[in-house]
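My questions all concern the structure below.
Labels run A, B, C and D following the written order; every chain starts at residue 1.
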């Protein structure tokens, strides 16, 4: 069993390097984005091989789903081919070779890959692994570290996502929309089969998102993953039935409120625990029994994370689509 | 009884692996898009079904079985749909199969 | 043992799909390769979860199956109905 | 050699990503390079988390050794933050395209030159 996991590890990593080199050479940005989709899938498979189920979950939805999607949207506006000659630049190449040499020299000084006694496993990780099932009372250690032990850090991450979404909206929806440059065309009207199958899949995706949201304490999952999956469901609807229809379902104004609401929910849990006499984001004081308190706290803040992530992703997608599409298409 | 299930499961897995490999070979070696599409589309659904079926036999009753069933369902619905949409899109985009003389814009 | 063979076959086919994605020659070949790659990833994760004895990982395979379909739709949508700049040379690229 | 293979690949990917950012003029391509760079960091962290013979850090009967959950938590949030900031960068690219009519670095620098 050990041998096969090493073999898979090495082959997946080799494929990753090959794909990355292919991306350097490729002049067609469209093909590069296709390759980056493959790159996302590969790195997610690698995370599965490294036992990082939750990370693989997120990378699957982000690296293989949303990242190529945003890139493609941008490509419809900036054009498909790179301009100019492709030449090897000597100075960056030399710099990179020097950097690679230095990093190689540093890397072989590290504890061997997979070493049980590596310093990074020695300190706080032991507590997370052996005490968290009793202290927090949930089996998924990644969720307990994310939501409880490092709750303050996660609050910061959620605020970053919120800020990025606000930034995208300000940058893209602030000015006037572009002048029309193409005829209006019924979106995906040619693909009746796709529309029908998509219509069948959307509820399943949303349901699966909810499952991931609330099952995150027991299996891989949680607010970040669920938010992205939920967003993907709504984005699928927007792609199949047009942006204006999707905006009728989730209007931009509502999304703007939701992005803020998630952060607010997260922050209020911290305030609630302050009021109950504990430290900020110390959920143990939320109920009589500390494990129950942790449960309540984690469910509520994961909900906040899910709401912010989902609405931020949808908001970003809507903003990009509006900025790259012409006016009459929006009003089809 | 247990042996029969094991043998069946192995059979499904091996057959699936073979189909996957032949499909991959077809995608790599066939001369034009539509033949490659054929190689991928035909083998993909069958191979995925066989492998998931093999895993289902392997796993026995429980939640994993249900999840595998869902995967099977998704793969069986989405695979052919994606192939159909892709082929249609290629035809619509002006690509013609090899040996099709009705429209020679690519030759 | 048999699961190992299946996993290796999947890795080999993934490599073939990468080769096709890089070679092209048409954009549709690349989309086909990405789609093929996605299905193989779903199967690889499912098989690996049994090799490792952790069927929890099946959730990940499930989400891959969904995402893979969506990315094909996305590519088709933006390729067919994107701006003329994207469509300028349908079929032959590179 | 095999026990350092992961880290060697991390270095390679990092260098490749950085090379794209430095040497290629198209802004979208630069962002793709940045993404490769970013992923190499993810791979580095997740590799350090792996313990030989360990299993995923979700409590399961009969498992004694688990991989380290801490790097996984850091990377899990970093991925989502990464896509959010990447979206911000892409939004800037769209605005640059609108303002300069191009996303090639040399063309933009040419236009910015004082006459």
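The definition used in the following text is that a residue touches a chain if its C-beta (ideal position, glycine included) is under 8 Å from a C-beta of that chain, and two chains touch if they have at least 3 such contacts.
Given the structure is predicted, the values throughout are model-derived calculations rather than measurements.
Enquirer: Looking at B-C and A-D, which pair shares more C-beta contacts?
Expert: Taking the two pairs in turn, the one with more contacts turns out to be A-D.
Enquirer: Take the average of all CA coordinates in chain A, do the same for chain D, and state the distance between these two points in whole angstrom.
Expert: Here chain A and chain D have centroids separated by 12 Å.
Enquirer: Please work out the Cα centroid separation of chain B and chain D, and write it as a whole number of Å.
Expert: Comparing mean C-alpha positions, chain D is 32 Å from chain B.
Enquirer: Would you kindly tell me how far, in whole Å, the mean C-alpha position of chain B lies from that of chain A?
Expert: So the centroids are 28 Å from each other.
Enquirer: Would you please write down the residue numbers of chain C that are in contact with two or more other chains?
Expert: Touching at least two other chains: 17, 31, 33, 52, 54, 56-57, 59, 62, 66, 68-69, 73, 76, 79-80.
Enquirer: Which chain D residues sit where two or more other chains touch them?
Expert: 55-56, 58, 60
Enquirer: Touching at least two other chains at once: which residues of chain B meet that condition?
Expert: Chain B, residues with two or more chain partners: 74, 78, 81, 85, 89, 92.
Enquirer: What chain-chain pairs meet the touch criterion?
Expert: So, checking each combination of chains, I get A-B, A-C, A-D, B-C, C-D as the touching pairs.
Enquirer: For the complex, give me every residue of chain D touching chain C.
Expert: 55-56, 58, 60
Enquirer: Give every residue of chain A touching chain B within the complex, in rising order.
Expert: 190-191, 193-194, 197, 200-201
Enquirer: Show me the residue ranges of chain A that touch chain C in the complex, using the header's touch definition.
Expert: Per the touch definition, chain A meets chain C at residues 1, 4-5, 7-8, 11-12, 15, 18-19, 22, 26-28, 30-31, 34-35, 37-38, 41-42, 44-45, 48-49, 51, 53, 56-57, 60-61, 64-65, 68-69, 72-73, 75-80, 181-182, 185, 187-188, 190-191, 194, 197-198, 201, 204-205, 208, 212, 219-221, 229, 232, 235-236, 239-240, 324.
Enquirer: Inside the complex, what are the residues of chain C that reach chain D?
Expert: 52-54, 56-57
Enquirer: Under the definition above, what is the set of chain C residues touching chain A in their complex?
Expert: For chain C paired with chain A, touching residues are 4, 7-8, 11, 14-15, 17-18, 21-22, 24, 27, 30-31, 33-34, 37-38, 41, 44-45, 48-49, 51-52, 54, 56-57, 59-60, 62-64, 66-71, 73-86, 88, 93-94.
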